[in-house]
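Chains here go by letter, A, B, C and D, matching the order in which they are written, and residues are numbered from 1 within each.
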Amino acid sequence: MSTLQATRPFPDSEEMEISFGPQHPATHGVLRVMVKLDGERIIDAKPIIGYLHRGTEKIFERETYNGTIPHTDRMDYTAAATNNQALVGAVEKMMGVTVPPRAAYIRMVLAELQRIASHIIWLGTHALDIGAQTPFFYTFQEREIILDLYEEYCGARLTLNCMRVGGQPFNLPEGWTDRCRAFVDQLPARIAEWERLLTNNRIWKLRTIGVGVISAANAVEWGLTGPPLRGSGVKWDIRKVFPYDRYDEVDFEIPIGANGDTYDRYLVRMEEMRQSVRIVQQCLAKLPDGPVMAKVPKVIKPPKGEIYFSVEGPKGELGFYVVSDGSTNPYRLRVRPACFINLQVLPELVRGHLVADMIAVIGTLDIVLGEIDR
Amino acid sequence: MGNPWIAFLLVPLVKIIVILLVVILMAAYLSYFERKILAYMQIRIGPNRVGPRGWLQPIADALKLFVKEDIVPSRAEKLVYMIAPALITAPALVVFSVIPFGADTTFFGLLKQPMPPYLTDINIGILFVLGVSSVGVYGVILGGWSSNNKFSLMGGMRSAAQLVSYEVPMGFSVVAVLLMAGSLSMVKIVEAQKQAGVWFVFPGIVAFFIYIVCGVAETNRNPFDLPEAESELVAGFHTEYSGMKWAFYFLAEYANMVLISSVATVLFLGGWLRPFPNAAALAFLDVIPPFIWFAAKVGFFLFCYIWFRGTFPRYRFDQLMALGWKVLLPVSLANLLVVGLGVLLMGGPK
Amino acid sequence: MAEQDNVAPQEQAAPKPPWEEKPVPPEPRDAREHEQVREVAAVLPDVVLEAVEFAGQVTLTVPCERIVDVCRACKDGLGYKFLVDLTAVDWQERPEGRFDVVYWMHRFTDSKRLRLKARVADGVEVRSVTGVWKVANWMEREAFDMFGIYFADHPNLERILTWEGFNGHPLRKDFPIEGVDTGAAIYPDVYPPGGGPVAGGEGES
Amino acid sequence: MSLWGFLTSVFQVDLLQGLSVTGKFLFHRKATIQYPEVTLVPKDRFRGMFGFSEERCIVCHNCAKACPIDIIHIADHFEEVEVDGKKKKKKVLDRYDIDVKRCMFCGLCEEACPTEPVAIWLTTKSYETAAYERNEQLYFDKERLQSWEGVKPYPGVVPPNEGQMPNDPSGALSPKPEEQKR
């Protein structure tokens, strides 16, 4: 399978430079990769980003703390809930707020549903990149149910704005938990169906095994987080290392891969969806009664100081570094974007591979340009 | 058929027109059925707005493509760019002249004496099919090259390598049938299956599967659709084509699908014959006209094409080559040997 | 579930749960005696200019010119193998250097994190830590792009989110949020320098 | 490779598995919603087009302050009104404009509204806000905010009326509107 180790280019070959993107069907938005090719073999690849740069970090500086939350929705727009969670977690830590248990559990449910939704998008588009069209539609049908649940909870489907500093803005609507439970209970069967389409498929295996291999040491060196890191066999998950909300009260496994290739990252994400289902089931079973909002002042005014708070987003460690000067607006609000840092490793992963592998690797890194460019 | 001129000119002319129309319409409606079946597999509905249940969608598409602006990239090699779509479409249509769609028929008593419903039966029919259809690759290569687009060029190069590689095992799998039939004529091959009393798919099961795989690869269909892999090469060799020129590529692709399915039907599924053509117990199946049998078998293949497209991921280029040269070629050669030995032991071709 | 909004009546004597109290923000503390700081001081005694602990996170201010030494010592000697984040903060009026370059490291063995800070004056180069952690490459490019901090020895110090020829560094406090005339050299042959498309403009047909 | 593995490989079990899944879905119920004929009803908390009630508004500017992108423009002046024979100063709304084309429907304005029931809300279940001209047609002043002229309300949803609860878009809990707008 790995017959594609980089070999010396033919002595009289001519290099060809191709600009993949920013308008290209498989670059997940507006990523542009300048690829130097020898025939179909990639000699070098250079990602060029910034086409979606909106200056989110600058905008943060003029917003109140609650006003920044809608802006975080638009970073990793496939995982708005985890973005919210990271931001409000940072501000809460800074203010010393303890979130009521019910709110914390609701947050975990929302975040895990969001992780499932994000992985569903990843699976659909990744399969589409590798040429299998159909999983896209099967997966998106399930995602639709998740979006319906979000719509019912907070009124929006994509840009949720569903958390506030101090807790949750709304309580769960009536019957929501039942519908959510019904969804997560049937999801493992759906996941098994998707796996029947792909996991054992020889073409899928040929296309993913041994493609984009990165060793554990290298993955740490390149700062990978999330499934790309775990696919290389590093058992590391913010939910376990620095448990936030009430993740220390639920039981789940961290799936890890062995070879650090595209196939392992695929397996890791599939298993992560099952673990998220487990977490949601436990959260719904344990969901305590009580208020959903802590007693926080109406005007959020954290003390002078700086804090870094991160959550395990679907794409990797999503951190917010908040510097406060004691006013109602953040002095500096830095996002540690998981996709931005994961994308950096792309040239390493694709060097010596074929063009088709680069598409597979871009898919397996699961990038969202909204977060990369911010 | 009194006047020989009628037999010589008019009848073939009518047949040509009918076959061309049928093939083009089939190609158009194949696109409709592909979209529909694919949509159904993907829990969608598919085209359903133009006409009842979307039946007029292919017509609407064709009209749209006719009136669309025809864009020629300013730095394209203009002449080649113009010729390339014709180069791929013409062979795809010409080949249908030798496909036997059915047994001699009077068209439900319309004619006084039975007439073959195909254009001609030449004694090297299958050779003609293989030869002419492989000309089509020039259309792909030239189209990719002349567009002056790197994606197109890569698509064209991929296509050239792919088509040439898969002709070889395909040829060998066809030879296995020829050994059994003892003739190159398409009609004779069908008749040999009638004499043998069994479709050649049973003795030639390995050749059949090799032919199917190669056929899918020859028509650039999923999972071998590398020349136009949209996630890698945008649209491959026809990235720069638009309007009617693009429609020609499209037509050729679907005509080729019909062609590969027709040839598979003739070679392996007994053409217009019913299952077990000599078994008296199944004689009630004879009420179904031969060309319906033919159409049904072709339809089955076409459905499989669409089914594959809906299910499989895409091979990578080197894996495609490895599959062709390292798996299919040795297997087809070994199969040839086995079939040859079998034919020899059974006393030679009928 | 609406009735769950109201908390069940509680015993008067029972202490209020923390979410009913007024939140008590954490206080910054001097952390010179903190274990993580002492570790660093043991290796490089003279680099700790200032050490603050805030909400359990230790921040170490080190001299800007020693940053690569400190980072290398942290990575190789103290096991901070993972650079989580690298960014900068603009303190426009601060006399001892306008920018903070912030390094945020993680150690896998005991899951401890440490923040390094280097104060940099405007226009002064910081030495790049790309030789220590490869991941720093794009983060430093971003800090350069957004703040105009130059990183010496960086393999490829280009703008990353804005385009080449962008006029200004957006995250500096003196960069107006409404934007500036960027002098975009997007199409140098179409637009003269400084005459690029203006935000909100109609564009050129 | 084990014998079993070899056999499954030769007989293409992996590929047949995939084919069986797509084959099964061929007869599955289709998920498509034929949009203009069939419309999905948004959930009760759905954040859609604005509703605004001038009577409820106390001109506190909280919504404008809460708006992260400052698209609510409010102007007011004081007027002397007589209440129970006493002269009182009262804030009167001159202008209440929302630049809907820039709105990101976060709902923070509704949360900030101190009146009960709220004077500005997004739970109108109306999402068909497309317009041909965004500067004119998607800039709403207070009259249009109360009548939604130019924006097609969701069919079956009446524009908000006096006394209507924000989460009651169908108007079942509130007095029937006299005239149903479009």
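The criterion applied here is as follows: a residue touches a chain if its C-beta (ideal position, glycine included) is under 8 Å from a C-beta of that chain, and two chains touch if they have at least 3 such contacts.
Please read these numbers as outputs of a predicted model, since none were measured by experiment.
Undergrad: Give the label of the chain whose average Cα location is farthest from that of chain C.
TA: Centre of mass proxy via C-alpha means gives B as farthest from chain C.
Undergrad: Which chain pair racks up the highest number of C-beta contacts?
TA: A-C
Undergrad: If you average the Cα atoms of chain A and of chain C to get two centres, how far apart are those centres in Å?
TA: 21
Undergrad: Once you find the CA centre of chain B and the CA centre of chain D, what distance in Å lies between them?
TA: 53
Undergrad: Please work out the Cα centroid separation of chain A and chain B, and write it as a whole number of Å.
TA: About 44 Å, centre to centre.
Undergrad: Which whole number of Å gives the spacing of the CA centres of chain B and chain C?
TA: Taking the mean C-alpha position of each chain, the two centres sit 62 Å apart.
Undergrad: For chain A, jot down the residues that touch at least 2 other chains.
TA: In chain A, the residues touching two or more other chains are 134, 137-138, 141, 173, 197-198, 201.
Undergrad: Note the residues in chain D that touch 2 or more other chains, in rising order.
TA: Touching at least two other chains: 15, 18, 21-22, 25, 31.
Undergrad: Note the residues in chain B that touch 2 or more other chains, in rising order.
TA: 41-44, 310-312, in rising order.
Undergrad: Among all the chains shown, which pairs meet the touch rule set out at the top?
TA: Every pair of chains meeting the touch criterion: A-B, A-C, A-D, B-D.
Undergrad: Show me the residue ranges of chain A that touch chain B in the complex, using the header's touch definition.
TA: It is residues 3-4, 16, 18, 24-26, 40, 127-134, 136-138, 141, 197-198, 201, 203-204, 206-207, 354-357, 359 of chain A that touch chain B.
Undergrad: Give the list of chain B residues in touch with chain A in this complex.
TA: Touching chain A: residues 38, 41-44, 150-151, 154, 158, 222-223, 225-226, 229-234, 309-319 of chain B.
Undergrad: So in the complex, the part of chain A that touches chain D is made up of which residues?
TA: 63-64, 66-71, 73-74, 134, 137-138, 141, 144, 148, 151-156, 159, 161, 169-170, 173, 193, 196-198, 200-202
Undergrad: Spell out the residues on chain C that touch chain A in their complex, using ranges where they run on.
TA: My answer: residues 1-2, 4-5, 7-8, 17-28, 54-55, 57, 59, 81-85, 87, 89-90, 102, 104, 108, 111, 113, 115, 133-135, 137-139, 142, 146, 159-163, 170-171, 175, 177.
Undergrad: Hey, which residues of chain A end up touching chain C in the complex?
TA: Residues of chain A touching chain C: 49-50, 53, 55, 57-59, 61-62, 93-100, 102, 166-167, 171-174, 176-177, 220-223, 236, 241-242, 289-292, 294-297, 302-308, 310, 317, 319, 321, 323, 331-332, 334, 336, 340-341, 344, 373-374.
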